[in-house]
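After this come two complexes, each holding subunit A, first together with subunit B and then together with subunit C.
Now for the complex of A and B:
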């Protein structure tokens, strides 16, 4: 993987700017657009058991998905989990991001590190950790039963709740960091001006902070929503075999069923759903606040 | 509009006294300026009045209301920031109407009040612009209009002119002062710019290290500075270190005996002289205090000449001569006679 030095460096500013974007552009083109295009082509192929993949031009894979309630339920469940996770991240992330952005503590960098810390632990390791906490004999149930608060272990493991908790834990740092950088860009005096003009904290938030932080809120929700829609390790480990979401479903079609055309179709449906929901949500938000 | 009283106001951060026992009474309609070097506590004092900094001790009253523990949104203080702090997502009219919206003033009443506030700052017709479409001076006027529209009991100005260029600063300075007089607004302004403070204030408060050094009008501060700090901070002073040997007598480090006006006490002291009170050559002839001085350095400042002179091995001072036609122009190395009247010198006990 060697990149030859771009020739245009010697040329003027525009040449240099062009040269600077070349490596990333090549990487994205080869690494992303190429495979996606191939995947899309596969999704139009036929799958005949025993023959693997047969070249064709058919939409039967898409029809199969949208006519089978099992798959539709998987899509609905994935969207529901992603929406709940995104909202939870926003509600928990905003106050945290605000405090981080406004603190004058000399431990600020340490605090930011603490927020990012969960990302140092890989997804699978973290999910395994949650498993030991949520299990019937896990730390949570053992503590509650030991304290005599409950008689029966609470069923958390292998439920939607466990998956949501797991995904929120992964996604929260992305939300917090995105919001923090935007809130830092909002002049503190603007908040104070609102207070002095008679706005209480709630009104100040609604009329000043929220609209000014909106670009960050949009970026943060896009990021966490996409990550939640495409989560793989967390739903597999915390949701268990019966809790299907789109990410594991795609993997299953490719790796276990060897049904590449259907896997490709599901991939495309997941991608399109993510994109459409993101765009729709932000059109609504922007129309309201701009 | 109302009287504003700060009583034994204090703000302590850890073991640092940011504001130390500040007591100021501001009468109805008065324009008071808090002046001092950075870190002197003037901004903290203003922020305590606005309600952003809770005082460690002391009391703040606006009119009859004790506002010491009230949150900012219940104080009715109009605030203008150095950074303007306009709401960038709202138009000029929406910015100005913000306080009216907060108080649920009926819609029908808002438009005339917004128009009136914008007319006062000469920005009629800018209603639909956004702050980013305005120049710095215009933005600061909108900030002022926004504060005026709320009909505040007290107007607080936090270095409102510091972000403007010099020419504009002159203009806005006069505008703010005229408006303040016309509306009879009780006003506190914080600034580190002496000229700004002197041209705008009814009364000035000189602060240093959290303490009030002197409260008075321009003339009092300049002609009767309370201590050495004020003498050096307001206008320029020439200082001679030495000691007060007897009432009315001062001996410099270099051994010059100087007659001064009424001066209390004896001991280590500093003599402060306003440079323009020192006469040169023939004009010095009638002065009680008269010395030979060697010119060390001359700075040409247009209307004035700044001249550093040495009176003895240990005594140096600064004179200012008006640059009049035909007047003498000393050169470095010249020996000149300088003198000053008895009452020109003010003696302050040396500060530790």
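Now for the complex of A and C:
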């Protein structure tokens, strides 16, 4: 956004501007930076069973995470699920976003609402829908057995597949809405120009639409990736207690183990991993397309 | 593609016309099909939940033995859902109002005035949006514990602590949507109002505010919905016997899935859908999301 206003109505009265912006700034600074700083400090403390948290200055919580294959596997699994979900969201989201952006149908608003409504309904409710479908006598197995395609119910509930399906459905609207707003900003004439110069739909997509939509693709990818890395309700409900990802792991350390230092450390590792992979994706895309 | 252009130019006119006429129609079917599949995939879980709410038997096995409305009558008897709904509603409304009170003036200042470190302030105000909910929840949890130790006030698990946390995730939505609607605003209208003798306040109330109202309505809607649906962050901040609706639903589902929880979800879907349709009359959703 642009912060360079040529001449303000209130004639550059910085006092007024300060009064307008300072309350929100202080609120967010205290509410965000303060807590993260305290969390980081906690992650350097020691945890002694029976004594709870003991003040200290040690990196043993981080060492514990990175030397234990159990925790490393949880991190790898989380990253793997997040990457697969993000790619699936991009592939499935682009056609829908394109159609929504270009349609002149009078039902356009209704279609947008159909994409937005599930977002507003919440992750747990949507996970409930998949639980109904995936159970041994759920809709999926019942219809496959009814059609005679399988004899035994397939095990899909409490698997990685179920979690991936659940997260993709949760994150897809975010991807679609981000891409749609960018595609709407691309002048339709450039597509027509590509076609009239003899490009097929594939060439047009690769050489015109994709490069122009790249900022939106990047924004949507980052958003869905962050959400997938930090998913909680979907892995808990569709993955079950044995399928551990980072979100439930952090919650377990705080709520069940009362191990705040280690929970804080995992929380920090999750945040750092999310940020690093996001920045890496940003750099790779920039290098390839500029 | 200069080569392709020359090649296309050499073809007889009727072939070119045919190919341009056929290309979109074939591609369009494939494209619409793919888009329809994605939309269906987004809506499918909601379809299953709605279907389950009308089952006659309690176990979610397909095909259903019959249909019934009795589960809807059972929802008001679920204290966790009713209390959760009331708490979510209260927290959502208050967090949205405080978020608007903080965010709208800040957006005005950020777009209209040269503020020292303006871009940095803007980034800070948007930061809670990209902050993972789990991380934000743990950080606020330890922050509220420290506040409690320092001041002696019972912050953790209190409604006040929850509202403050929810305000934190409402503010970025307000800043994002209100700055966007201010950016496309024609400043000459304000100058005209002032030329015609209106003071700064009158200009703001009669000209500026009405023209950014869609942005404010959208900000209120998104802020409320973000708060109402928030799960990950709230998980750490709710107290015993005081849970929000999403957490009540999650805890129920961890135990079992049956038509009662589905019926509660259907009520929620209907309420949110109605709110969306009403909002859409004032501000087109397709223009703000």
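We take it that the second predicted complex is superposed on the first by the 266 of 290 C-alpha atoms of A that agree within 3 Å, B and C clash if a C-alpha of one lies under 4 Å from a C-alpha of the other, contacts with A are read in each partner's own complex, and residues count from 1 in each chain.
The criterion applied here is as follows: a residue touches a chain if its C-beta (ideal position, glycine included) is under 8 Å from a C-beta of that chain, and two chains touch if they have at least 3 such contacts.
Nothing here was measured: the structure is a model prediction, and the numbers come from that model.
Asks: Who touches more of subunit A, subunit B or subunit C?
Replies: C
Asks: For A:20, decide between first (touching subunit B), second (touching subunit C), both and neither.
Replies: A:20 sits against subunit C, while subunit B stays out of touch.
Asks: Looking at A:190 after the superposition, I want to know if it touches subunit B, subunit C, both of them or none. Which is it: first, second, both, neither?
Replies: After superposition on chain A, A:190 lies in contact with subunit B alone.
Asks: In the overlaid three-chain picture, which partner chain does A:198 touch, first (subunit B) or second (subunit C), both, or neither?
Replies: In the superposition, A:198 touches subunit B and subunit C alike.
Asks: So, does A:109 touch the first partner subunit B, the second partner subunit C, both, or neither?
Replies: A:109: touches subunit C, not subunit B.
Asks: Per the contact definition in the header, classify A:36: touching subunit B only (first), subunit C only (second), both, or neither.
Replies: second
Asks: Does the superposition put A:138 against subunit B (first), subunit C (second), both, or neither?
Replies: Touch partner of A:138: subunit C, not subunit B.
Asks: Based on the superposed arrangement, let me know which partner A:123 touches: subunit B (first), subunit C (second), both, or neither?
Replies: It touches subunit C, and subunit B stays clear.
Asks: Which of the two partners, first being subunit B and second being subunit C, lies in contact with A:62: first, second, both, or neither?
Replies: It touches nothing on subunit B or subunit C.
Asks: Name the residues of subunit A shared by its contacts with subunit B and its contacts with subunit C.
Replies: On subunit A, the overlap between the subunit B and subunit C contacts is residues 195-200, 203, 207.
Asks: Over in the complex, which subunit A residues touch subunit C? Could you list them?
Replies: 1-6, 8-10, 12-14, 16-21, 23-25, 27-29, 31-32, 34-36, 38-39, 42, 92-93, 95-96, 98-100, 108-109, 111-133, 135, 137-139, 141-143, 146, 166, 168-169, 172-173, 176-177, 181, 195-201, 203, 207, 223, 226, 229-230, 232-233, 236-237, 246-247, 250-251, 254-255, 260, 263-264, 267-268, 270-271, 274
Asks: List the residues on subunit A that touch subunit B in their complex, please.
Replies: Those residues of subunit A that touch subunit B are 187, 189-190, 192-200, 203, 207-208, 211-212.
Asks: Given the complex with subunit A, which residues does subunit C contribute to the contact?
Replies: Going by the criterion above, the answer is residues 1, 4-5, 7-9, 20, 23, 27, 31-32, 34-35, 37-39, 41-49, 51-52, 59-63, 102-103, 105-106, 108-115, 118-119, 121-122, 124-125, 127-128, 130-136, 138-143, 146, 164-165, 167-168, 171, 175, 179-180, 183, 187, 190-191, 194, 200, 203-204, 208, 225, 228-229, 231-232, 235-236, 246, 249-250, 253-254, 257, 261-262, 265, 268-269, 272-273, 276-277, 280, 284-286, 289.
Asks: If you look only at subunit B, which of its residues touch subunit A in the complex?
Replies: Touching subunit A from subunit B are residues 50-52, 71-79, 81, 83, 85-89, 98-99, 102-103, 143, 146-147, 150, 156.
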